[in-house]
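Before anything else, here is the set of structures, which you'll find just below.
Same chain, two partners: chain A is paired with chain B first, then with chain C.
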Partner chain A sequence: MQPEMQPVADIQLPAAPAVKALACPACGGSVELRAAGYSVSVVCQYCSSILDVADPQVKLIAQYNQAAEALEIPLGSRGTLRGVEWEAIGYMQRSAYGGGAWDEYLLFNPYHGYRWLITDGRGWSLGEQLTVTPLRDDYETLRLGNQTYQRFYEDSTARVDYVLGEFYWRVAVGEEVVGADWARPGAMLSREKNAHEVSWTRSVLLTHKEMADAFGVRKGASWPPMPHQPSPNAAWLGMGFKIFAGMFLLLAVLILAFGGTSWTSAGRFPVAPDGSERTVTLGPIHFGHLYQRVEIRADVPTLENGWVDLDYSLVDRRTQQVYEAYGAAERYSGSDSDGPWTEGSRGSSVSVASVPAGDYDLVVDYKGNRWSSGSLYSPRYVGMPEDLGWMTPVNKPEVVVEVRTGALFLSSFWIALILLGLPLLIGLIRHIQFDKARQAESDFAPTGFAALGASEDDE
Partner chain B sequence: MSLSFNCPNCGAEVVFRSAALPARVCGYCHSLLTRNDGGVMVVGKSSPLPFDVSPVQIGMRGRIEDQPFEVIGRVRWAWTDGAWNEWLLLFGDGSHAWLGDAMGQFMLLRERPFSEVQTRTLKDIARGKEAMPGAEITLDARKLAIVDARDVICVAAEGELPFTPTTGWKLYSVDLRGAKGECATLQRDALATTFYQGQYVTLADLAPTGLRAFEGWALPAYAA
Partner chain C sequence: MNPRTFLYGLWSLGVVALFVLSGIFAWSPFAEGGRARAHAGIYGPTHK
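Showing the complex of A and B:
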């Protein structure tokens, strides 16, 4: 038999009251129940007695007679976190044996259930109990969805030191669970075990502004960092490395686009034995890129104890625009008490930046020179047979000129990369310092950058 | 085909929408009624439901697993350390499922014949053995772990139901959970063992309309 779905009737029931008031059996104070039907225990805000509200007959579980502590977030206050309004309904102060203490507020919204607000005096985290179990990648790594968490705190017993407000279980001061934690930047996974149950909670770190806007809390201590506090440098370091890589790629592309050619011979020409200045015109030389750096290299194979002055003029055949450069090759050798020596080089290399595309003539004005040690006179005027040295025609002294085009502005790109790289390096150092401080509280071996420099026998 | 009767106790109109759901609680006098070939008879009286702030209510509609549903019944169960609601969802195809509503989390569970559940551990529990929290079973090639085992008691009920929810009815209830949000419950009393299987869902997953409104709380965006 097919049942009939009744037509959608507008359910216009008046809004139900959200709060149920009950009288504390110990002090008679009016206690407000904010999650009626879910709450099992309520701690009276007037006398701190613990009441059982699991069924309509309210029972006194533990009678105390002490005023409630003033809380940073008064119970009953509401705040909106990430789009959902929450009411603080319970508060627990907990501590770990041999460890620190922390505060946990239980938040409730009838449509969204429960969350936790957790703080150890530094930042605040919003915790949600999981309905799935994280997967174990390895002993120290858990996986939830596509995120991994590194083990941070080892199993340790956590104790309830103080409670106030209402809870969905039978709460008791002195109640113990065994907790362990895993962390990743911005979030933690916590496992709590008691004799009956294992539960997992994922808590995400809230910004100070989020918490200030939602519950008006003061800013906590900011150092040392919390286990799941993201490094302030990590975010921009990642972006920085991307920019750096992008610049590097751009550079590579530019080198290819404005890239250089290999050395090609422009010509060779003899050096006048008498040392007179001469001019040769080499070319045409074609430059294909829009702009290029032109490198000119001269080699004087027979040069010895002398020098060659080289004045280059690159002349654009079309525009007659001239690009000039000056070079010299000089080389000396001899022998003294320390043995033979040489100085200088037979080659010379110069460059001209930003030469536009076109056909060029390379005009070289050059002059060979000879150096004579100790002689102050010029042999030409005394009519003696001249010692022509390296410039003697027997040597066939000549200059070999080669030309190539280099990548344009290459040096500026390197400077840009260094300027980009320097802050990256500083950021990286600060990130490592942060991560070392963050992991200093961990019960486990440092991981990632913080493991740098940590030797194995620290364990 | 839905059948309409008058409550033998107070005369109010009571509707039975499915032969699979022969029990109901009269919405006016809380009489426990069962339907048979001869008509409707009173078999007891249900306690009134205690006030709670569950967002679900009779008449809430929604859609899940590509099926529309309506909430038509509810049983409230309690154990020594708390209480929770099991809402009965009637689907468009005539099937029904339970929506567990405990500690702010929801479980969608469908009954499965226990004869299909061929695991030694669960059969032992059905025969009267105590369940061991932490013990793992494999069902349909999936691992489920026993997370809880306790005596539960029926507190109150409303609407249409597949069984008569006698106040004070005691069951031994065993909860199981898997790593991916799968869950299951085995319930045993002196007469029979029932098995329910499903998964955790969120209220948003149910695409609900007709959620219960509370003073001072805004309905969630998807239901407003």
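Showing the complex of A and C:
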């Protein structure tokens, strides 16, 4: 039996530093020191003078006589980000030569240290200074843990334009570092170096809701996207294509499941040599399914330089309901300077949709016609025998009709495929547009989908 | 699950459901039958 464990002593957490007030040597204003004991410098919120607070004797580093800017996150504000409560204690506005400006808020928590809140007006990122150096996969790619980052901004000088609050180093307006950035969806790696040190910071993109809940900030501009902003379409397109493939297989299985019947002969009947219209009734034809697609195929084996009009009427013997369709077989041939030619087909196939089960008569109104290439320019003279063409009795002109049933139309399959693929296509186009806009800010050649369509001039 | 993935999944199920219905009722917007369509009116080859 193990002895009962007794706590030796209560675990003592270090006390959170209390807010300390000091008088600004420049203007006499009361300056609050929120991370007393940690901060090295503080900027007076009344006159913007920079004070050295590393020693008990507060010294003036630089004196300014300008009013403090109104900040989107007032210094002293507290907010909880990803489970940790942070207090905004410092603010810097920085800009890159030839580039834009951005804001950086220094956050402090006595148990978690410092973090940075960074924004360029479009969104917010939470930055943490790294204690390890990222590994270099190649010139373009850095690796931190199991994540890779693509180079985005090349080395450029960043300058401090404005500063307020307290910091863990002696910050001053005009301070410069050389910075470079690497990005991946949702995160950035930033390297800053000066004559004394090189520091790495990893910043993760925060959602608008996170920032609104934590510090009550307003939503920034949403376009163009930030370098590390994930494409809203990339997240679902991968799974979307898998769903599409699954649905494609399902449609193929359904086509087999619905099936159909083979062609059965409905009848054959002669074409009148004089070109008069005739009617023939075929049947009864039994259709067994609740509803079916009825395909009617007509073949005119001896058709040449003519056509046959075919009017079909499927008549339900019980209800006298009629389903109509029209078909025509046309076949022409001739010869010209390029040689012999043919056009059209001796067969005709039509489909009748949604025919209910029952016994039907197939009524066919049909009429044979002939075409003569010289009919317009070679008038027939009186007494000249009529040219019957393909409809001459010797040629035995006749029509052979066959019927089969099924359920699906091929057009339905194509429509389904288009409807399934359309959202993916729209998503892909929007993803490419997004990635092109995202990478447009980069100092390097676009990669991935954004490289599509990029001309050599762009590079 | 990503909301867009979920919506696309729903959309896909709807499309397949419509496809099944079109099979059950053997319906198509492009069927020749059921619509009395007149012939174009001009006969003859369009060769050249």
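The rule is simple: the second predicted complex is superposed on the first by the 267 of 459 C-alpha atoms of A that agree within 3 Å, B and C clash if a C-alpha of one lies under 4 Å from a C-alpha of the other, contacts with A are read in each partner's own complex, and residues count from 1 in each chain.
In the analysis below, a residue touches a chain if its C-beta (ideal position, glycine included) is under 8 Å from a C-beta of that chain, and two chains touch if they have at least 3 such contacts.
This is a predicted model, so every value here is computed, not measured.
Chemist: Does chain B (first) or chain C (second) touch A:184, or do both, or does neither?
Modeler: neither
Chemist: Looking at A:37 after the superposition, I want to know if it touches chain B, chain C, both of them or none. Which is it: first, second, both, neither?
Modeler: First partner only.
Chemist: After lining up the shared chain so the two structures overlap, which partner does A:129 touch, if you call chain B first and chain C second: first, second, both or neither?
Modeler: After superposition on chain A, A:129 lies in contact with chain B alone.
Chemist: More residues of chain A are touched by which partner: chain B or chain C?
Modeler: Partner touching more chain A residues in the overlay: C.
Chemist: Let me test your reading of the model: by the given contact rule, A:196 touches which partner, first (chain B), second (chain C), both or neither?
Modeler: In the superposition, A:196 contacts chain B only.
Chemist: Now for A:350: first (chain B), second (chain C), both, or neither, which partner does it touch?
Modeler: Touch partner of A:350: chain C, not chain B.
Chemist: Does chain B (first) or chain C (second) touch A:94, or do both, or does neither?
Modeler: neither
Chemist: Output check: A:85 vs chain B and chain C. Expected answer is one of first, second, both, neither. What do you get?
Modeler: So A:85 only meets chain B here.
Chemist: Show me the residue ranges of chain C that touch chain A in the complex, using the header's touch definition.
Modeler: Spelled out, the residues of chain C in touch with chain A are 2, 4-5, 8-9, 11-12, 15-16, 18-20, 22-39, 43-48.
Chemist: So in the complex, which bits of chain A are touching chain B?
Modeler: So the residues of chain A in touch with chain B come to 1-6, 8-9, 11, 13-18, 20, 34-38, 40, 54-56, 83, 85, 108-114, 129, 131-133, 135, 168-170, 196-198.
Chemist: Residues of chain B touching chain A in their complex?
Modeler: Counting only chain B, the residues touching chain A are 1-2, 17-19, 21, 50-55, 57, 59-61, 68, 70, 78, 80-83, 85, 90, 92, 94, 102-105, 133-134, 147-148, 155, 177-181, 183, 200, 203, 209-221, 223.
Chemist: Quick check: in the complex, which residue numbers of chain A touch chain C?
Modeler: Touching chain C: residues 232-233, 235-236, 239-240, 243-244, 247, 250-251, 254, 258, 289-294, 307, 309, 312, 314, 323-328, 330, 332, 334, 336, 341, 343-344, 350-355, 369, 371, 406-409, 411-413, 415-416, 419-420, 423-424, 427 of chain A.
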